[in-house]
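The data blocks that follow each hold one structure.
Two complexes come next, and they have one chain in common, chain A, joined by chain B in the first and chain C in the second.
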Partner chain A sequence: MTGSGPVRPTGSAEDGVMRVLLSSVPSDAHTWNLVFLQLALEQAGIRVRNLGACVPTSSLLDAVDDWRPDVVVISTVNGHGYPDGRHLIGEFRARPSSRSIPIVIGGKLGIAGASDRHRIRELVRLGFDAVFPDDSDFVELESFLRSLPTTTAGAMRSERGPAC
Partner chain B sequence: MLTYPSASFGGYVDSAYRSGDLVVQPRMGFSAPETMRRGLIEVRRSGVPTVGTITLDSYTRTGDYQALRRALDDGVSLNGFPIVTYPHEVTASVLEGVWSSEFPVQVRHGCPLPEDIFAAISDLGLDASEGGPVSYCLPYSRVPLEDSIEAWARACERFAATSGRGVLPHVESFGGCMLGQLCPPSLLLALTVLEGIFFRAHGLTSVSLSYAQQTHPEQDLEALTALRRLGQEFLSDIDWHTVVYAYMGVYPFERLAAEALLRDAAELAVRGGARRLLVKTPAEAHRIPTIAENVRSLRLAAAAAAEVGNAGTSGIRRETGIYEEAGALIEAVLELGEDPGTALGRAFERGLLDVPYCLHPDNPGRARSYVDETGRLRWASVGAMPIGQVADTREITGSDLLASLYYVQRKYDRRASHEACVKPEGIEPGEI
Partner chain C sequence: MSGRRRAVVTGASRGIGRAVAERLADEGFDIAFCYRSESESARDVAESLSRSGARVHHAACDVTDADAVGAFLGEAEREIGPFDTLVNCAGVVRDNPMVRMGIEEWNTVLDTNLNGTFHFCRSMVFGLMKRKGGAIVNVSSVAGVSASPTQTNYSAAKAGINGMSRSLAKEVASFGIRVNVVAPGFIDTDMTAEVSEKARAKTLESVPLGRVGEPYEVAELVSYLVSERASYITGQVLRIDGGITL
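Take a look at the complex of A and B:
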């Protein structure tokens, strides 16, 4: 993955540009991570809606219904990412309208530095499509986004089985 | 002159200053009560002039007690101490025999609606906390600024009333930090002074004004000097001191670099006449620091401060108008209303205060800043703030912003890796 060139569109927006809903979790006030990701995603040719810090899960779900993004990217660095992520994904996957939308989480997820493989696996089992611990590069997120199916979002959603 | 009760946060800092010591303080908070207690004990034993810190966790800050319970029940370690959720007996057992007139303890949080927290602090008899209606709202939440101003007014009044019990309640404004980075000095100064004025209006008579180390030592020294001048002008009728925060933005990754940055913060604090310094550790860029890392940083900072103390202070070569700019902002805000809280609310509504890159819905969001070629933090655009024309209003691109965000980290990491590679002179190869 070279990281250059426009990202392949997933086709949900009329103009074919991929749309990412970017958000933090309810307990996390950090915003520079969101500012950074917004810039990097936009630079990669992706349209971003940034919900900011301390987003209540209900507001995130409303924004998903309202905007129907191709992907949801959750970023959190305050060290509560594992418990907050676990709760968030439960609600996200329980709701029919967001059940099959791809969603990833990344950042400084715990308070102990080194990423916790056990907890990461748990987040994936509960429904995240990918987890990006602190040492992962933006390029990894970009290649994940590029790897998403290029079918129309609607078709993509109905074809995807329950998240692993 | 103010007379302090036998044991008070303000009094402790004052007497340390009189004996020529900078008080150094950790940022420290653990969710396990035993760990929190051990942390306070180790800090107290560090052998340097210090005060203890209890930093609260993010769930308490956001008032999400349900999520907090869930996490505790699941055995998750939090990023701070949940003072509201624990029964007071638990917190009292953490403090028992550690907290004393020789070792004051401050509660630091980051909560826009802090009444529960101040209730707990007051019930426990603690006398020091931190925050402010703006500085604990905009960087920490999406709570409407107006709600935060009202809640902070009530909380301050409640806290101030504890003086009836013979304590001198102290609140430190976090206005000198805001988002941790890229807020130019004049705005930081204005915000912390305005919050000091707000605290006084709600009955507090002992406050501290803060300033976080930014990107350029001389600019920081000018700012700190200006802050003391503004404190004298606006708060001379109450007890106040200035406190420096070691760099609050993206921290260097390498240990040597992190330590160099901390030493520079200690030097700044001493030269700028501050009485207290909040330290950071080499773990900053990576994770919550351990107790041992905190203690090491306290000693390192105290040693660095002592060295500067002997060297004496040096003047500022070039004044850049930080004092004038901060003064203009403060005056413009105070004109908006008798009540400082009302004035602060109106100021943000009208764009007279505008924090660069702050995503909070009540921040005007027009101001921009950057680090220039010489390392000084500057305005790129001031929005509607009454601080005159910026000579070179400029467009800030994404890569400009990233360069500014990582300026300090890169500068120190680069220098440290360079120094680590240079062999000491006069040593033969193979000798080390």
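Take a look at the complex of A and C:
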């Protein structure tokens, strides 16, 4: 575990606790990755709302409007992370209400691991603040969250991070 | 896994646990080990491990107490660093035919052998998941895979370890964590030294290799299972028994 104490909020939290909206992509029915991430994030002092598996993009966007999280974490392990992520980030960044909210994606982005580097670059270019390929670990995500500005949700971009 | 590895070994003040700790230290592991009450023996083990160049943390720990296990691991991690390997060796026997077996004999064996193993696995596995890798070896017994009269408590506990380990192996495989079981047969330890000469001779008659096993032979298998040489082995119960279960 990097750092110490709870991860600080990026600005919207009124009680000083960072809020992470956790979700999969529409095509992904896996839940174990989400359970793991929720536990690990909560252990780091973060409040988590876990939307579960097979979340339609419209439901994710509604949840963002409803809860106003500090960060959105997308976890996917079915190998469709890249195409689903491309679709999601387009809608996410197009809406004024979610345009400035940090969002990261991690897990298995495709089924050909060697080409992940290209996918990472493309997902970051399209608007993800960080992309965490399959070989990342949780410490990398935690470090990223700790690095976010505490008063404004962030412009920081990274190409590496944890195991989502 | 890269860099110096770190292992937790339970029940390492004697017998198989001691042999495992010494073998892993020889291979470059830093070691945290616990024991029930044999503090003098534990000091000997600690000195032996230190001579191999290992950083060592040791303390008495009641493995049946989940809070005590958490406290031991917290202290060990503060002193040595995050662990990537767990070997559960702590165990006791309270043999009796079931018609004479007291509730306390049953509970003591289940609490130490099965619940103790669960407590350590549960306390460590989340850290291994967050770091995406690691190896767990739980020491069971041939009594957990075949009949062992007068050991219904021990058999139940060891069979429980086998089942728990298989299920855990499947739970955490996607995080790069391997979980295996070593099931020793008749090994020359303090535990088996209490067996009468007559019973010992009778047992040996059913060991095709014709002798008792040595703790270092079990340690050899554990050392293999926690190494990258065993990178494609998980969820297995490996018998090391001289053929007694054939």
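Following the convention adopted for this analysis, the second predicted complex is superposed on the first by the 144 of 164 C-alpha atoms of A that agree within 3 Å, B and C clash if a C-alpha of one lies under 4 Å from a C-alpha of the other, contacts with A are read in each partner's own complex, and residues count from 1 in each chain.
Note that contacts are C-beta pairs under 8 Å (C-beta built on N, C-alpha and C of every residue); 3 or more make two chains touch, one makes a residue touch a chain.
Please read these numbers as outputs of a predicted model, since none were measured by experiment.
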Message = What does the overlay on chain A give for chain B and chain C, a clash or a fit?
response = clash
Query = In the superposed arrangement, which partner chain does A:139 touch: chain B (first), chain C (second), both, or neither?
reply = second
Message = Applying the document's definition of touch, where does A:27 land relative to chain B and chain C: first, second, both, or neither?
response = first
Request  = Compare chain B and chain C by how many residues of chain A each one touches, and report the one with more.
outcome  = B
Task = Answer with first, second, both or neither: which of chain B and chain C does A:94 touch in the superposed model?
result = neither
Inquiry  = Which partner chains sit in contact with A:39 here, chain B, chain C, both or neither? Use first/second/both/neither.
reply    = both
Task = Considering only touches as defined above, state whether A:84 meets chain B (first), chain C (second), both or neither.
result = first
Request  = For chain C, sort through 60-68, 168-176, 186-194 or 204-212 and name the stretch that clashes with chain B after the overlay.
outcome  = 168-176
Key: Where chain A meets both chain C and chain B, residue numbers   = 32, 36, 39-40, 43
Of all residues in chain C, those that touch chain A in their complex = 126, 129-132, 171, 174-175
Message = Quick check: in the complex, which residue numbers of chain A touch chain B?
response = 26-29, 31-32, 34-36, 39-40, 42-43, 50, 52-55, 78-80, 82-84, 87, 108, 110-113, 134
Query = Which of the residues in chain A end up touching chain C in this complex?
reply = 1, 32-33, 36, 39-40, 43, 77, 135-139, 163
Key: Residue ranges of chain B in contact with chain A within the complex   = 57-59, 61-62, 64, 67, 70-71, 74, 76-79, 110, 139-142, 179-181, 250, 283, 286-288, 357-360, 398, 401-402, 405
